[in-house]
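Labels for the chains are A, B, C and D, by order of writing; each one numbers its residues from 1.
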Amino acid sequence: MPEQKPKSDHWLRHRLHEIIFEADTPAGKLFDVILIISIVTSVIVVMLDSVVDLNLRYGQLFFVLEWFFTLIFTVEYVLRLSCIGRPSKYARSFYGVVDLLSILPSYVSLLLSAGKFFLVIRILRLLRVFRVLKLVQYVGESNYLQRALWASRRKIAVFLLSVFLMMIIFGSMMYIIEGAENGFTSIPRSIYWAVVTMTTVGYGDISPQTSLGQAIASLVMILGYGIIAIPTGIVTAELTFKPNISTQSCPECSSEGHDMNAKHCKFCGADLHPDKI
Amino acid sequence: MPEQKPKSDHWLRHRLHEIIFEADTPAGKLFDVILIISIVTSVIVVMLDSVVDLNLRYGQLFFVLEWFFTLIFTVEYVLRLSCIGRPSKYARSFYGVVDLLSILPSYVSLLLSAGKFFLVIRILRLLRVFRVLKLVQYVGESNYLQRALWASRRKIAVFLLSVFLMMIIFGSMMYIIEGAENGFTSIPRSIYWAVVTMTTVGYGDISPQTSLGQAIASLVMILGYGIIAIPTGIVTAELTFKPNISTQSCPECSSEGHDMNAKHCKFCGADLHPDKI
Amino acid sequence: MPEQKPKSDHWLRHRLHEIIFEADTPAGKLFDVILIISIVTSVIVVMLDSVVDLNLRYGQLFFVLEWFFTLIFTVEYVLRLSCIGRPSKYARSFYGVVDLLSILPSYVSLLLSAGKFFLVIRILRLLRVFRVLKLVQYVGESNYLQRALWASRRKIAVFLLSVFLMMIIFGSMMYIIEGAENGFTSIPRSIYWAVVTMTTVGYGDISPQTSLGQAIASLVMILGYGIIAIPTGIVTAELTFKPNISTQSCPECSSEGHDMNAKHCKFCGADLHPDKI
Amino acid sequence: MPEQKPKSDHWLRHRLHEIIFEADTPAGKLFDVILIISIVTSVIVVMLDSVVDLNLRYGQLFFVLEWFFTLIFTVEYVLRLSCIGRPSKYARSFYGVVDLLSILPSYVSLLLSAGKFFLVIRILRLLRVFRVLKLVQYVGESNYLQRALWASRRKIAVFLLSVFLMMIIFGSMMYIIEGAENGFTSIPRSIYWAVVTMTTVGYGDISPQTSLGQAIASLVMILGYGIIAIPTGIVTAELTFKPNISTQSCPECSSEGHDMNAKHCKFCGADLHPDKI
């Protein structure tokens, strides 16, 4: 195993780690860009391969490309394991599992004749694209959104719970009112209808036929239409809220409204924290 | 009846009340958690029982589980009545009625062969889940949303009334333009179409066929699409609004609406806090 | 004509005017409530009459009710004209025309065998419901929304114009790509599809069949889905904006941030407008 | 070529430039209004010409109008080229290309029997309508929206990237779960379904049939329904943001981000306005 090699390998491993896991050196950026292109291309190959026409015509080419990318990702996986301090920890991490799952299906398909179920695993690899976002300034923006969503998680949970309960109640009501003869064949299917209607998706594969059913469906639609204002309001309120005003007043002129990061009073210039040195 | 028992029962009733109606003791929390799990499981059983395939295969099991949960909820209902001060008041309250309705159908079904119509009653029991929200910090958030909705109730009422009137007007117009031959068989059904379209649900079970009908439908869609901005704006404005208006009235001229940081009445100049020196 | 009667009629006309046109006396409120109930009921009768089944069964009853309400509205129309100062002005106002149109169809139907086209006119009468909103505090809220919409009318016009142009461009593109064989039989119909898709209504009566068409449709959907953020943002920004802070500073203590309606400085109590007497 | 004519033409060219390219003189406004009406009318003619019925009946008239507008736009194009300083630069600009493309198809159609593909080009001409917006105050509003969208471009990019990844992942999952027999014939088509569902458009041309598929579809719908709050929140936060941060930097420590009302640097306490006494 690479991680038990002698100390003379230390420099190589450190350099590899820098290239593979960090993105602030030119080599690291290049590695990330090549990897992203490989991931996107391999995903497109998998997608196109699923189209019957294209599979019949270019199946051979797709097969070759598939193995080309599998070999690239295999090398990448081995390099990652070899240059990291604790390979077993990485192997069990989310990205370690995704990395393994993105190459395993190809090898397994040599033994089995499966295929179909392993497509998703390759797709999961796309999640790695998000790591690239760390590269540039996107990280600040991404954190900003995550913070806003995280800060409003309880309000969103209450909202989702209310919506779920309404969907169950309205779905069950429609099952009783419309019945199996109008497509509402079971309560779970009726709840599926309620989800389709309340989120304003409206496939139309199941739609109410009785007058009472249509009246309640109208109510469900208006509810779903209006209720979207609530999560929007929550997230907006969180994003517009700027809590950077300190509650401290100036010890000299007693003025208030100083920023969190202020050291001196913006009105008289006195030290706001005289006891700190 | 338990509530007419001698005073020596007082402690037991008090302890039961604490467990059943309060959620801040370990026993009370445990009781609530067990109840929630029972409610959710019993609702899932009712749902699955409505699927024809599963009913044929596991009908026997569902029947046993049904009665198991009915007995649990019966015991809970009796205990609630026995440990509360005024059982008749609880029995007529919303949750008291829901509690009764969640067990009644099973007993009634022993006498009758009904069933279908009583499912909703059991579902209503799910509303009790919301009581659990009181447990933790969710209550603050829930109140926060309720306050915002309540504060904007008039604006929302005006908005809903306008939307209803538009739906009636456009529905009637489409009934006249499209007519029964294109699926707009009556004004109520045409209004149902207007609801489906304006809320952007769009089942497609009824859709305009004439050019004029499609032109008006386009207008209805764009109206419905753009108008959602209004309730969203109302709720957001309410959620972001941070009241800096004091509730104090002027001791001289009784005027209200003074800022939090005001020292003098902005109308007559009187000192707002004469006792403070 | 009533408006040319002698002076002794003055009191009666004044009293009638108070009852019919004002809503702040008990009699005026009662008149408004009765009128609203009549309007709503007459509209419901017209609606139900359009349902074939109900028309066959209760057609006779609906006919009687129809004439009952027509007579009520006729009396109301005559009274309005007789007690107002300038009847000809009222007769040509929006509500005057609506009032006339709500009774005319019934009389015309005595001569003609029309019917269908006059339903809308009766429906228009429903607009009168909004006058009732003036009754209570709803007016303030309604004005508040109208002001916000009016203030953002230019931004909304720019937004709508952009959306229209996108709909025309994408609709024309889809007409060329999909063609008549996939339901996109003409450019206006393809634009109708673009409206249905961009507003996220999605009937499914016309949907793209080719790969390129589905790709462009996906783009249109994501555009329509994301773009709704813009009017919502505009209205919300307008509703949250509270421009009631005067730019004037106190002549005594030079403090700022006084409300628009403030007469005295809220900090020192000095007169903010000493030159006004 | 007009641009190599002697100096005596200078005045004419200057005047023409004023009329054609500027909109603040009466003649310029008139020119713009006539042009807009011509564009809109010519687009409507193209649209109506695509309707089979109308083409059969009024094809002759449409043909004449088509050539009438083509000649108008040809004259306009030649005038634009002749009065501008650097005609080659204009010819290669966006509007120059649009201008050329809006007349070229008609002339090409004299040689070829094409037609269909050139409709879009004429439609592109509609984009010129936006130039008219510069006329009045619309420009300020339009810029305001553009600035808000531009300022939040990174957040919107992160949001769109997340949505795309979710669509790919859910689309691929549905391809595996539902399979070709339920309409999910390939991964690209399944991703198209995910777009239709997540944007809440919901055509219903492809809809899940299995229980697991409907469960995942419900999740996708609720995600798409709730997630719209994020771009709305971003745009609203950007539109409501009122910058009260001064652009002045501290003369002592060069720090930035001082409030509008700050007199002293909040970091080092130095006087921010030393020249003011």
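One rule holds in what follows: a contact is a pair of C-beta atoms (placed from the backbone, for glycine too) under 8 Å apart; a residue touches a chain by one contact, two chains touch by 3 or more.
Model, not experiment: these values are computed from the prediction.
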If you tally contacting C-beta pairs, which pair wins, B-D or C-D? C-D
Mind checking chain A against chain B and telling me if their interface is mostly the same residue numbers on each side, over half, or mostly different? different
Centre-of-Cα separation between chain D and chain A, whole angstrom: 29
What whole-number Å value describes the gap between the mean CA coordinates of chain C and chain D? 31
Whole-angstrom distance, CA centroid of chain B to CA centroid of chain D, is 42
Listing for chain D: what residues touch at least two other chains? 188-189, 191, 200-204, 224, 228, 232, 234, 236, 240
Once you draw an edge for every pair of touching chains, what topology comes out, line, ring, star, complete or other? complete
Chain C residues within the chain D interface of the complex: 154-155, 157-159, 161-162, 165, 168-169, 172-173, 175-176, 180, 185-189, 191, 197, 200-204, 207, 211, 214-215, 217-218, 221-222, 224-226, 228-230, 232-234, 236-237, 240-241
For the complex, which residues does chain D have touching chain C? 43, 46-48, 50-52, 116-117, 119-120, 123-124, 126-127, 129-130, 133, 137-138, 141-142, 144-145, 148-149, 156, 160, 163, 188-189, 191-192, 195-196, 198-205, 224, 228, 231-232, 234-236, 238-240
Seen from chain C, its contact residues with chain A in the complex are 200-204, 232, 236, 240
